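Just below is one structure, and these are the notes that go with it.
Chain IDs A, B, C and D follow the sequence of writing; residue 1 opens each chain.
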Amino acid sequence: MPEAIRDAGPTHAGPAAEDRATEDRDVWRARWRAVRGFSEALAAPLSPEDMQVQSRTECSPTKWHLAHVTWFFETFILREVFPTRPPFRTDFPYLFNSYYEGAGPRQPRPQRGMITRPAVSEVMAWRAAVDAAMDGLIAHADDATWTGTVRPLLELGLSHEQQHQELVLMDLLDLFALHPSAPVYRAAEPPPAGEAAPLTWHRHPGGIVAVGHDAGGGGVAFDNEGPRHEVLLRPFRLARRCVTNGEWREFMVDGGYSRPDLWLMDGWAAAQREGWEAPRTWRRQGDGDDWRAFGLHGLQPLDPAAPVCHVSFYEADAYARWAGARLPTEEEWEVVAADLPVAGRFLNDPATDLLTPRPAPPAEAGDAPVQMFGDVWEWTASPYRPYPGYRPPAGTLGEYNGKFMSNQMVLRGGCCITPAGHLRATYRNFFYPHDRWAFSGLRLAEDD
Amino acid sequence: MPEAIRDAGPTHAGPAAEDRATEDRDVWRARWRAVRGFSEALAAPLSPEDMQVQSRTECSPTKWHLAHVTWFFETFILREVFPTRPPFRTDFPYLFNSYYEGAGPRQPRPQRGMITRPAVSEVMAWRAAVDAAMDGLIAHADDATWTGTVRPLLELGLSHEQQHQELVLMDLLDLFALHPSAPVYRAAEPPPAGEAAPLTWHRHPGGIVAVGHDAGGGGVAFDNEGPRHEVLLRPFRLARRCVTNGEWREFMVDGGYSRPDLWLMDGWAAAQREGWEAPRTWRRQGDGDDWRAFGLHGLQPLDPAAPVCHVSFYEADAYARWAGARLPTEEEWEVVAADLPVAGRFLNDPATDLLTPRPAPPAEAGDAPVQMFGDVWEWTASPYRPYPGYRPPAGTLGEYNGKFMSNQMVLRGGCCITPAGHLRATYRNFFYPHDRWAFSGLRLAEDD
Amino acid sequence: MPEAIRDAGPTHAGPAAEDRATEDRDVWRARWRAVRGFSEALAAPLSPEDMQVQSRTECSPTKWHLAHVTWFFETFILREVFPTRPPFRTDFPYLFNSYYEGAGPRQPRPQRGMITRPAVSEVMAWRAAVDAAMDGLIAHADDATWTGTVRPLLELGLSHEQQHQELVLMDLLDLFALHPSAPVYRAAEPPPAGEAAPLTWHRHPGGIVAVGHDAGGGGVAFDNEGPRHEVLLRPFRLARRCVTNGEWREFMVDGGYSRPDLWLMDGWAAAQREGWEAPRTWRRQGDGDDWRAFGLHGLQPLDPAAPVCHVSFYEADAYARWAGARLPTEEEWEVVAADLPVAGRFLNDPATDLLTPRPAPPAEAGDAPVQMFGDVWEWTASPYRPYPGYRPPAGTLGEYNGKFMSNQMVLRGGCCITPAGHLRATYRNFFYPHDRWAFSGLRLAEDD
Amino acid sequence: MPEAIRDAGPTHAGPAAEDRATEDRDVWRARWRAVRGFSEALAAPLSPEDMQVQSRTECSPTKWHLAHVTWFFETFILREVFPTRPPFRTDFPYLFNSYYEGAGPRQPRPQRGMITRPAVSEVMAWRAAVDAAMDGLIAHADDATWTGTVRPLLELGLSHEQQHQELVLMDLLDLFALHPSAPVYRAAEPPPAGEAAPLTWHRHPGGIVAVGHDAGGGGVAFDNEGPRHEVLLRPFRLARRCVTNGEWREFMVDGGYSRPDLWLMDGWAAAQREGWEAPRTWRRQGDGDDWRAFGLHGLQPLDPAAPVCHVSFYEADAYARWAGARLPTEEEWEVVAADLPVAGRFLNDPATDLLTPRPAPPAEAGDAPVQMFGDVWEWTASPYRPYPGYRPPAGTLGEYNGKFMSNQMVLRGGCCITPAGHLRATYRNFFYPHDRWAFSGLRLAEDD
C-alpha cells in the first residue's frame, strides 16, 4: 500500500462516481459488511497482545489499524452528515488520526504502540457502533446526501480499509519476525521444491503511449494515479515473470552481496550498515548455505520457483545489474499491464488466498507476461514523483497524497496480501529504496 | 530496586538462613501464597494490552515481570531439585531469563515488548503450574532438600518477586505517562493543600561507625550490602524530612533549571538535551506556573507538603547546591537510619498503601528524622561501588550483582511502591544519575 | 559540481575528441598552465590552516582538492604512459584517491581533514613536479600516445580540475560559515539595494524534443549527460529569471517556514530537525526581520534583486508551491537552454568573476529567459536517474558515475563559482534534496 | 591532566603563597620564560597544519592550546591589573576561552578545529606581546600588586600552562593515530625486548590516615585536592610496579577481551560497541598475534617490560579481576605515595624525557613501590567526587572545578608527558571510565 495512502487515507476521482448513481444501496451495504467483516476476520487469530505492539516507527499495531479505519468513517462520513454527533470517545480522534492536519492533532506515529487503552475489545465495540450507524445511513440517507456525500466517501473509505488490511498483515509479519520462536499466523503445507521455467521476454515497440488514470473515464483511483498523460517510450523487453528465489540464490552465490560494483552507492552503504546478506525474511540454518524463509505461515523451506520477496529497491537494482538487465520504468510496466486482466494471487480470493508468493503460472501462448498482478509488488526504476499536471485535491482528505512525492520509488502490481479487487494497472505504490518489510520483489526489463 | 537485582535476581547471605531451621513450613507456604498472590493482584486492574508494552529499554512489560519471577522459581528451585523436569514451555527460558549468563541465552532486553506470545493468560497458567509444584515441594521436600536448597532459595526468590512488584508499578507509570489521556491505575482523592512544616535538622557527631550488612548476624541481605565495615565520618547534620514539592517550586521559581552554575556539567548537559524544566511527572497547565503531577492515581494537583519525586540525581544535586546544603553520603544516611524502625509508607501495607508519596508525619520529640523509609527513594552523594572486601558470590545467582558497580549513584530508604517488609537500613538501590522514572527524591545534609 | 564527479572524476565521450586531432599542442599546453595556475591562484589568499580543515563529511579541505586533482594526472596519465614511474610519494595514492575502487584503497572520506601531512607546501611541490612532467609529455609524446591517451585524458583531467575549483570555493564557504568572525575570502563593495523587475514568462509549446549529449556530435560531456534521447513534453512556461532574495523574504514573511501544508513531508521533517528559518547563509541581525547574507565577501547586506542562494530542494519546492507554480523538469530546462548561448556570471571570467549571485540582467526583446547559466544552480523537479539507454563506461574512470543515481535531484545551469567555459546546456549537477551548501537557487515553471 | 582543570584552569590555595613573599622576582621571570618557551619548543616540530586540527570533541588543536593559555594570562592578570587594556584582538576572548562562564561566551568546544583564523603565526605574535607585557609587569609591578595579584596568578597560570603542555602531546597523539602513515613526532630507537621482573607487593597496615592537600601547610594545589581529611583504611597490599605490556598480552591470550564475566556491564557494552581487542594504540601486524604500539615515536615494537598504556578504566578493572586482584582506591594510592619522592619519568626532565612509558626501574631494598610517579597515569577504583568539606572557591577561576565531579574516575601519579615539577602525591586527575586517549595504565592492589 502506498505509504501516503496508508496513513493519510486515499482520495479519489470523485466525479466518476456519478455514473453509478443507479447502483443499489443494498449492494453497497453488502460491500460494506464484507469489507468490514473481513478486517475482523484477519484479526481473529490474534490475541490482544499481538494486536497491541508496534514493531517499529513505520509499522502500526493491528489494533491501531482497526481503529484508524473506523475513525475515518466516523470523521468523514458520520460526523460530516451529522455535525452534532460526538465522537464515540472524546480521545479517539486524537489517538487514531494518522496524518490529516486538517482533522486536528494526533498521537505521534512512533508512539502508537504505547496506546494500551482503549483495549481491543473497546475498539471492537466502536467498530460495531459505527457499523450500525453506517448501516442505517446507507439505508436511509436522503438521495442528495447519498449521492453527494455518502456513496463517494463510502467507496473511498472501503478502499482505504482494504489498504489497511494489507498493512495489518505486513506489519504483523514485521512483528512476528522479531519473535525468536517464529510464530505462525496461519499454518500451511510447505511448498513443493522445483525450479521455475527459464525466463522469456515480452517485447514492446515503444512509441507514444498514454498512462495514468483517466478521471473522465469512470472507475475509482487515487489522486496520485492521474492525470492520464502521454509519454514517449523506447522499444523494450519485459520479463514474463518475476525473479525467483532460486535465481536470487545464484546472485548470492556469485557474491551479489559483497561486490560494491553492482550497487548504487547509497544502497551499498545501507547494505553494509544493516548487514544485508540475503532477503529480509531469509534465515540461515547452520553455517552453510541452507536458507529458510519466514512468512505468515511461519518458517518454511525456500520455494525456488516462487518470486523473491522482501528485497529493497537497492537489492533489486543490484540484482538487475548483475543479471545484465535493468528494472522497468513504471510507464513501461503500466503500458504492458494495461492490456491484461487484473488477475493474480490476492488476499481474500478463495482461489488464491495463500499469504505467500507462489511460482508463476505457466506462460500462455504468445509472449504475454504472467504474474503482473499479485504475488509480489514489483520495484520499478521510477522515483515516486507527481505526474505532469498533477494537483493535490482540495480539502482534508487530499492534503497528504502529494507530500510523499520525494525520495521514494514506485512499485506496481499488488501482492499476495493485497485484497482481491483492490488493484488496477494504474495503481502506484511507493517505498523508500531501503525498505524491505513490504512484500516487494522485482521483474527485469531490457532495452530492445 | 537495584538495577542489577531487578534483572539478575538477588543473592543473599545463605548461612544466616540456617538459624531459622525450625520455622514451620506452613509459615513459608503462607508467605509464598501471599507474595505470589499479591503480584497477581497488582496486575488485576490491567488489560492484556497494558501488560504487553515495553515503554523503553530500561523498563519491562508487566507480563514479562510476571513471567520472569516464575522462571526464577522454575529454574533455580524446581529444575534444581528435579533435574529431569522440563521447562513448562521450551522457549520460556530464552524469553524470560534476564541477565543470567550462566542460565543460557536470552531475549535481548530492548526487545522484551515484542514477545506477544505467550499471552498473559498462558503466563498465568504457568504461574499456576509453578505455584502448585512449589506448594507440593514446600510441603513434601525431605529435610535436607528443604533446609539446604528450597528454603534459602525460596526466601531469595520471594524477595526477588517483591522487587519486581515495585518494578511492575514503576514501569507501568512510565508507560502510562506516555498516554495522552493520562490513565488511572487506581483512583484516589486529590491530596489536601498545605505546606510542610519548616525544615529542622538531626545532628550526628561522626566518628568511626560500622555500616553494611553483617553476614554473621542473621537476617537476609543482598550481596552488595556487605561486608560490614567501618568508616570514619565527620560530624554532620541530616534533614529531618525529605525536600517537598513546595520547596522544589521555590527552586524552580528562583531559576533552578536555568542557572548552569548550580549544576554538575554532565547534569546540565542532560537537562538541556532532554529539556528538563520540572520533575519528570509534573505537567504544566496552561502557560503559567500551574503544575500537576501524574502518578498511579492519574493527573492530580501537586501536594506542596509531599516529597518531591521523579527527580534525577543531577536535579537533586543542583537543588542541594541551591539550598546551600549537600546530599548525604550513603554511610551518613545508614548510620542514622540504623537506629530507626523500618517503618513508613510502603506498598501492600493496609495503613499506608497509597501509591504516591505523602507529606512527612509530624516529627517526634528529640531530633530524630522521619520519613527515612518509604515515600521516596533518597539520592545520596555516593557512587555505587563495592564495599571494601566485597567479592561477588559464586554461581549463576551471583554472577551479576557486582557488574553494575560503575556510573550509578546509590539511593536509600525505599518508597511508597516498595512492598512492605522488603526494606532494611543497609539496602542499596542504584540508578544512573540522569534516571528519573524511579520514585526518587532527596533529603539534605550539611557539615556540622 | 556533481557529487559523483567531484569525488570520482569525470568520464567523457572519448571518441568525440578525435575530431580535434589537428589542434596545436601549444594550445593544450597553454590550457594546461592556465587551469593549473588558476587552482593555485584560488588558494593564494588562504593560509595552510585554512586549507587543512574539513568542515564536514561532504566537504573536503582545499589542500585535499589540490592534491586529488594532481593524483588524477599522475595516476591516469603519467603512470599510464610510464608504467614504471613511481608515485611522487608512496602514501599519496592512498591519501588522495577519492572513490576509484579500481585505483586501490583510500583514506575514508570523513577523515580527509585529519591528514595534516603532507603539508600544503609539499602538495605544492608535488603539483610542480607533475606540472613539469606533464609539460614535457604534452610537448614530446609521440603522436599515437598524444592522440590516443594524453590529449583525451588531459581534456578530461582539466575538466575535472575545473570542477574541483568550484568545490574549493564551495567547501571553503562552508568552513568559513562556521567561524564566528565571518572571515572574508575576497573583499567587495556591498551590493546596491533595489528590487528586481517583475517576473515574466517564457512559453514553450512542448512536443517531442531531444535532450542529452549527442556522443556523435562532437564536444565533451560526462557520461551522465547521455545518451541523447527524445521525450514528450507538454506545453509549459518557464520564468525568465531566478527567484530573488526579495521574493524569498515575502515567502518568509508569509510564514513559508512554518506552514507544513507547503512542504513535502520529508522536507518538513528536515526543516524541523535542522531548524531552518531562512536560506542557509542568511543571518538575522537582532531580533527583528533584518537579515544579512554570508558569502565569500564576508557578511553583506541582502541584495533583494539577486537570486536566492543556498536553499535546499525542499525549500525550493515549498516556495514554488507557495507561489502557485512548480519547479521545471530537467528536460524542460534543457530544451529552453539549448537555444541560448552559454553565457552568464561564471568564475575566472574577468567580466563576471563576482563570487556571489547578482541580479538578472535586463531581459531582452522577445520572451527569452535570462540568467539560465551562472549565478545559481537551479533545482529541477527531476530525480537524478540514468537516461534511457545509459550504460556506465568501462574502466576505472567510469566506475562511479552511475553509482550516485538514487536519492538526489538534478540542478542545472552552473553558478557564479563555476569556472567559465566549463558548463553546457546538457550538464547535470545533483545533490540530495536537503543539501544547502552548494550555490543552489531556483527558477519557477508552470503548465501552460 | 584533570579534565576540569584542563579546560577551566586551575585554582589554588592562595594563602599558602604568602610564605614565599621574599622570593626574587627574577626567579619568577626565569620560571615564566622557561615555561612559556617550553610550550613553543613542544610545537616546534609541528607544521601549521598539524597545529590546526581537532581530532575529536574531547581534544583541542595545538594552536588552540597555545592561544588558550595566553588568553588566561591576558584575561586574569594583564587585564585585571590594567582594566583599560584591550584584548590583543577583539575576537580572541571568544575564540580562546574554554569553560569560564564568568569570562563571557566562547566558541563551542566541538568547533575549535574550525577556527582557521588566526593563523599559528598570529597566535605566536600574541604570545610574544603577552610575554613582553608580563615580563615588564613582573619586573615593575608595585609590591602590593605583585604580592596580592600577580605572583599568585602567575603561579597558577604557569601550572595551567604546564597542564596544557601535556594536553598538547596527548591530543597530538590522538590526531596522529588517525593518520594512515603513522607520523613520528620525535624519532627514537626501538625499545629493547625483555620481560619485567616478577611482581612483588608493598604492604600497608591501614588505619586512620590523612589524605588531601593541607591548605595551611604551604605548597600549591588545585582546589579538588582538598580539604585534607582523615579516612579509615583496611590493611592492603599495593603492587610495587605497574602492569606491563607483557602481562597485558597474557590477559589477551587468555581471552580477556571476550569474557563478559570479567567486565563491568557498562564496560562490556563499551568494549563491544567500540570493538576493543587491545589497548588503544596497539596495532596488529598481519593476522596473528604480532602487535606494535603507536606513540609519539611512531609505530614501534611492543616493549613487554614497559607499563601498558592507553587502556580505559573498564579494561583496567577487567584486568584486575582476571588477575585476582583489584584497583587501589585513591586514598590507598596516596597514603603510599606520600612517603615517596616525586620522582619518575616526566616531560622536560633531561634525564627522563622519553615521551613513552618505560620499564620500571629496579626495585629498591625493602618493599617500597617504584614507578608511582611518571610513566603512566594509574586508574584507581575511586569515582571522582568532592572530598568531605569541599567547597568550590569563589570567582571566575573557581567556577568549574567542582562541576566535573560526576561519572569520572580518579587517576594518580602523572605520566611520561606530564611536565617535570608539576606533580605531587595529592594530585587528582580524572577521566570517564571509557576514555583511552590519555597515557593511562594501572597498578594492582589487594586486601591484606
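Simple rule for what comes next: a contact is a pair of C-beta atoms (placed from the backbone, for glycine too) under 8 Å apart; a residue touches a chain by one contact, two chains touch by 3 or more.
As the structure is a prediction and not an experimental result, all values here were calculated from the model.
J.: Using only Cα atoms to place each chain's centre, name the chain farthest from subunit B.
T.: C
J.: Can you give the whole-Å distance between the Cα centres of subunit A and subunit C?
T.: Chain centroid spacing, subunit A to subunit C, equals 39 Å.
J.: Measure off the straight-line distance from the CA centroid of subunit C to the CA centroid of subunit D, and report it in whole Å.
T.: The mean C-alpha positions of subunit C and subunit D differ by 47 Å.
J.: For subunit A versus subunit D, what separation do you get between their C-alpha means, in angstrom?
T.: 61
J.: Where in subunit C do residues touch two or more other chains at once?
T.: none
J.: Identify every two-chain combination in which the chains touch.
T.: Applying the touch criterion to every chain pair yields A-B, A-C, B-D, C-D.
J.: Residue numbers of subunit B touching subunit A in their complex, please.
T.: Interface residues on the subunit B side: 47-53, 55, 63, 91, 94-95, 107, 111, 113-117, 119-120, 175, 178-181, 183.
J.: Show me the residue ranges of subunit C that touch subunit A in the complex, using the header's touch definition.
T.: So the residues of subunit C in touch with subunit A come to 4, 101, 208, 229-232, 234, 260-261, 263-267, 313-314, 317, 381-383, 385, 388-389, 399-400, 402-407, 433, 447.
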